[in-house]
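Please go over the structures that come below.
Heads up, the next two complexes both have chain A, just with different partners, chain B and then chain C.
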Partner chain A sequence: MTLLLRRRSEVGLIVWVAALAITGSVAVAAADAAAFDRRQIFIPVAFIALMLALHLFLAWRGVRGDQLLFPLAAGLSALGLILVQRLQPADQPLLLQQLTWMIVAAGAFAATILIPRDLTALARFKWTWAILGLVLLISPLLPVIGREINGARIWIGVSRFNFEPWEAVKILLVVFFAAYLEEFREVITHSRRIGPFPIPPVPYLLPILAMWAMAMVVVIFEKDLGAALLFLGIFLAMLYLATGEAFYTLIGLALLAVGGFAVYQLIGHVHVRIDTWLQPFSEELRFGAGYQIVQGLFALGNAGLFGAGLGNGMPDRIPIVWSDFVFNAFAEETGFAGALILLALYLLFFYRGMLIAVRAPTPFLQLLAGGLSFIVAFQTLVIVGGNARLIPLTGVTLPFVAYGGSSLVTNWMLVALLMRVSDVTARVRGTE
Partner chain B sequence: MEITFAVLLWAVRIAFLVILYLFLIRAFGVLHRSMAAERAATRAAGTLVVERSPARAPRVGERLTLRPTNAIGRDAGNDISFPDEAASARHATLELRDDEWWIEDLGSTNGTLVNGVRIEKRERVRFGDEIAIGRVAMRLER
Partner chain C sequence: MTRGIAENIRGLSVAIAIAFLVTSAGVGYWTLVASDALASDPFNPRLVAAIRDRPRGKIVDTANNVLAQSVKTQDGWTRKYSDRSLAHVVGFASFKYGASGIEAAYADSLIGQDPGDPIATWRARYLGEHEEPGSVVLGIDPKVQKVAVDALTSTGRKGAIIALNPVTGTIIASVSLPNFEPNQVADPKTEDLAWQQVNGDQNKPLIDRARQGLYAPGSTFKLVTGAAALENGINPDTKIRVDDPWQADPSWGQYYVRSSSKAHGDYTMADGYRLSENIYFAKIGLQVGGQKLAEYASRFGVGAAPRCDIAVPKGQLSNSGTLDRPTLVADTSYGQGELLVSPLQMALIAATIGRAGVMPTPHYATEVRDSSGNTIRTIAPGAAGQVVRPDTAAKIAGYLVGAVEGPGAFAFGAKISGVHVAGKTGTAENPAGPPHGWFIGFAPAENPVVAVAVIIENSGQGGVDAAPLGGRVMQAALGR
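Up next, the complex of A and B:
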């Protein structure tokens, strides 16, 4: 009984997640009575059982601190399952796969809560993380395990399961940067200045610059724009968090502009992406490369204030909607009202993550929590911006919601790490 | 039959949106409560304001934030430490018990003084009291 009361706020929110999962699933199933499959009812039930098991696991381990991130991640994952159920094509059993991945993600979450006994010990193995990250990045280019899907060679696979290694690399990169920036914080933050401009302490920045550059080269080789943008974002954000120098970020953005222009000129793949962003409705593009974004925009345009109702819209007109355009699908069927809530949930997640970062007792933990929270917020901005044609579309997934195993597993590990930081803080401060 | 099904379907769709809103509102509630609890925890803890101090650290006027349990002494391993030869390595502890601050001398050479009076064993400290350890004097404040 005390086990149930230990994390009371959390269980209070999990109840709402359960209600959400069931009503959503019922709404989707009832809308298309012809395709109704009775077994689909087991999906939300299995999901709720999984979330309750994780909650009890956290209570049993006596994890202290934050009780908000876990229900938020669970709520977003529930929306993900509802949307995959809604959007799965008749010939692909995506929903069952997503549930399987959810179980794997829950396992990874529990393992991350259990395994690093001492979170600060992560900082001691920073070079191991850097090397592991690079190996993972190169792995899709290797024979046997490397696989090419939809024109991008960014996958490794064993039998039917495919994994995008860069998803895991983003966490390794944050751990490495946090550990490195903590160790050399003194020399990196107290830089000399010319007038108001700081001179970057280049020799000390070299290892992280090299690490970042290698990641970029590999990612560009694999033609993965989203990952490249994400890595640059992580690098600049963590440098800013560690030094407080906005000037470095400005240099980084200038480099992005120059590099972006060069890449636009040199790589055809990128050229097409930019063209479909600028003029998707042009004669040559709207039934070709621009078809996906055009359909996505129609879905957004039809949304209105309250949308078509879950299961009542036509988001299945968008190609590969379940992984690339879930935001548009959700917006079309729940309207402005629903889309706003989805974004608010991410905002709450980010705010909570940053609060954990601010309160954390050591610079390493602060940078770790800050970087991890940043990943979720930045990925959301990049993909939703791309879906709404505010920025070019890149292959980044909407965290927790979009279909995809690698992203789900790593994002749940990210939540576990944030909760561990919060737990350490609560223990040091002697609060609940 | 057809009509009732359609009405039910819309009821479920609307319920989904309503639950989504309620979930967000409850989540904000949890955030608000946890922040309030943390604020209360830090407020109850209190601070020590340095009043007198020998040449080196701590500076006069410095505010030392207290934890629920604080070890004070010359040794760097203490929660509050200062390099004053008149203080013992492990000098005293300052503890919060049921919203009351208690100080205990750990058998130091020069003793611990509360408002100028040397304490024998555990002693209650109130806000505004002055604690002297070695040549450092600090006032307990909220």
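Up next, the complex of A and C:
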């Protein structure tokens, strides 16, 4: 009983998550009663049991600090399961796979709570993480384990299970940047200036620039536009968090514009992506490269304020909807109101993460928590922006919600890291 | 030192919060603002989803004959069409290949969400409560339609006939050959093969030649040239010398305007219309000037898409959109040059002359009804505008009666006993083979109730072949 009282707010919120998981699953099943499979009720029950187990694990380990992140991640994951149940094609058992991945993610979460015992180990072995990250990035290009799916060689796989290594690399990149920037923050921040413009202390920036450039080269080689954009975002955000120089960000954005234009001219599939973004409804594109986004926008157009109701829309007309367009599927069936609530959940997650960052006791932990929270928010913006045709569409996933194991596992590890920063802060400050 | 980072964290948080706001606004745009445009896109599968799950409304003609209805089959509801000759107008609704024609243009009405019934629309869209859909009534008159189909079919050629009421703009008959079998495109069992066949056929059966076909108008365009001339100081009774072949000055080099009858003589405007004399119209077109001629063409809707309940593509005045060379002005004056016009547009031009210079707004449907047969909305768009003065239109109408009934008139085939008919034939040169034959006209000439346009592709004798077809269709419309 004392175990249950240790993280009391959390357990209260998990009850809501449980209610969401059950009602969502039932609503989807009720909308298509003919296809109802009695065994499906097992899925939300297993999920709830898993979440309760994780909660008890946290209480047992005596993890202190934030009690909102875990229920938020659980709620988003519950939405993910509901949507995979709603969207899985008849011939692909995606829901069972997603639940399997959820179990793996829970294991990874628990492991990250335990290891390493001391978070500063992350900072000490920063070069190890950098090299591990690069190896992971290159791994899809290797024979035997490397796999190409839908024209992008960004996967490694064992039997039926495929993993996108860059999802893990984004965390390693944040760890490395946080550690490196903490070490050299003084020199980088107090650079000389010409008028209002800082002169970047190139020798000290070189290692992180090199690290980032290598990541970009590999990612471009593997034709993964989304990962490239994410890495650039992480790089600029971490630089800003460490130095507070908006000027660096502006340079970065200018480089993005120039580089983007060059890539647009040189690389065929980027060219197609941009054209598809600019005029998906044109005669040549609407049945070709633009088909997916056009169908996605049709789904949004059907949303209205309160949506068609779970199971009553037609998001299944969007190709690969369960991984690329879950946001549109959710919006179509729950309306603009539902879409806003979903975005608010991500903003809340980000806000809690940034709060943890502000309070963290050391620059490394501040940068780490800030960077990790940024990943979730930025990745959400990149995919939702692409889904709503505000920016070109890229293949990143909607964190926690979209179908896909790599994303789920790494995002749950990210949650664990954030909670550990919060835990350290609580211990240092001697508060709950 | 740690305080510095805390400030940066706040800065980044504000930036991200703003980005979330912008993204939310973007999502709001698609879900709330653009949703109507997206919902009515003919390729939106939601439009036609109802064909599988629920019956769609009926499409009927003026005699209440059912042209399209939903029939329950093993795989759900399927659309059945009763008149292949109306395949282009009624269109089709396919789960896979989208919708066309009335099926697309009135898709919302056919699923019980007519804009004239906002409450039912709101209930269906937000609460998922679907009323039994009503029907869309077309202005197609089955008797006139049958005569038009028989007439065009008898030629054995590709082409189109369209007839409309010059006062209301209601289209009463429309046929385009070759056509396609809409039942096969709509049926999920045959849709793939049928679509491949009709979409790949080089005769282009999917194109509604009456509405979407773009042709050089040939001499039928002389209605526009004549109206421009009358309103710009040309005296129609002044005789103008015609000598075949003709060029304005030696700078035209090897270029000449040719008379189809190799004429030599003095022509009034009445003679010009009756004998369809190209050199006469080239000369008055040049006197009027390229700028004025372009303005009148534009007033008659050439180069623009007319407002219509089913989308009409726009034609063109010339490749550049202007008439900036004397030879182009001369050629355009008698309907060649770089002109491209649809039969529907030419029928509207004829109607405008018949109706004292007022151009009607064309429409296929006349009414949307609910499931109990009550009218939800009548479709009766107002006139598009006064295009030329009534006296100008009256004079041209008189010349057009001469072009049908006068001695040696080309359009004699359009005569109807007991009624004065106004009309004009046209022969449109085209690079792909023998010239196309045109006829446009209206009847009764003094107070028309029907205007018609006929095109026969690669017809042997040009407009002379088309005129009798126009006459038969107008006769049917007059109930004679």
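By definition in this document, the second predicted complex is superposed on the first by the 432 of 432 C-alpha atoms of A that agree within 3 Å, B and C clash if a C-alpha of one lies under 4 Å from a C-alpha of the other, contacts with A are read in each partner's own complex, and residues count from 1 in each chain.
The definition used in the following text is that a contact is a pair of C-beta atoms (placed from the backbone, for glycine too) under 8 Å apart; a residue touches a chain by one contact, two chains touch by 3 or more.
Remember, predicted model here, so these are calculated numbers, not experimental data.
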item: Joint occupancy of chain A by chain B and chain C, clash or fit; value: fit
item: Dominant contact partner of chain A by residue count, chain C or chain B; value: C
item: First, second, both or neither for A:378, with chain B first and chain C second; value: second
item: Partner chain in contact with A:306 - chain B first, chain C second, else both or neither; value: both
item: Touching partner for A:11 - first (chain B), second (chain C), both, neither; value: neither
item: Contacts of A:351 with chain B and chain C, given as first, second, both or neither; value: both
item: Contacts of A:366 with chain B and chain C, given as first, second, both or neither; value: second
item: Partner chain(s) touched by A:267 [first = chain B, second = chain C, both, neither]; value: neither
item: Touching partner for A:71 - first (chain B), second (chain C), both, neither; value: first
item: Which superposed partner A:216 touches (first chain B, second chain C, both, neither); value: neither
item: Which of chain B and chain C A:46 touches, first, second, both or neither; value: neither
item: Gap in Å between nearest CA atoms once chain C and chain B share a frame through chain A; value: 9
item: Shared contact residues on chain A - chain B and chain C; value: 306, 309, 312, 351
item: Residue ranges of chain A touching chain B (in the complex, touch as defined); value: 9-10, 12-13, 16-17, 19-20, 23-24, 26-27, 30-31, 66-68, 71-72, 75, 306, 309-312, 334, 337-338, 341, 344-345, 348, 351-352, 355, 359, 429-432
item: Residues on chain B engaged by chain A in the complex (per definition of touch); value: 8-10, 12-13, 15-17, 19-24, 26-28, 30-31, 33-35, 37-38, 41-42, 67-69
item: List of chain A residues in touch with chain C within their complex; value: 185, 189, 237, 240-244, 246, 281, 286, 294-295, 297-298, 300-306, 308-309, 312, 314, 317, 331, 335-336, 339-340, 343, 346-347, 350-351, 354, 357-358, 361-363, 366-367, 370, 374, 377-378, 381, 384-385, 388-390
item: In the complex with chain A, residue positions of chain C that touch it; value: 1-2, 4-13, 16-17, 19-20, 22-24, 26-32, 34-39, 41, 43-46, 49, 125-126, 128
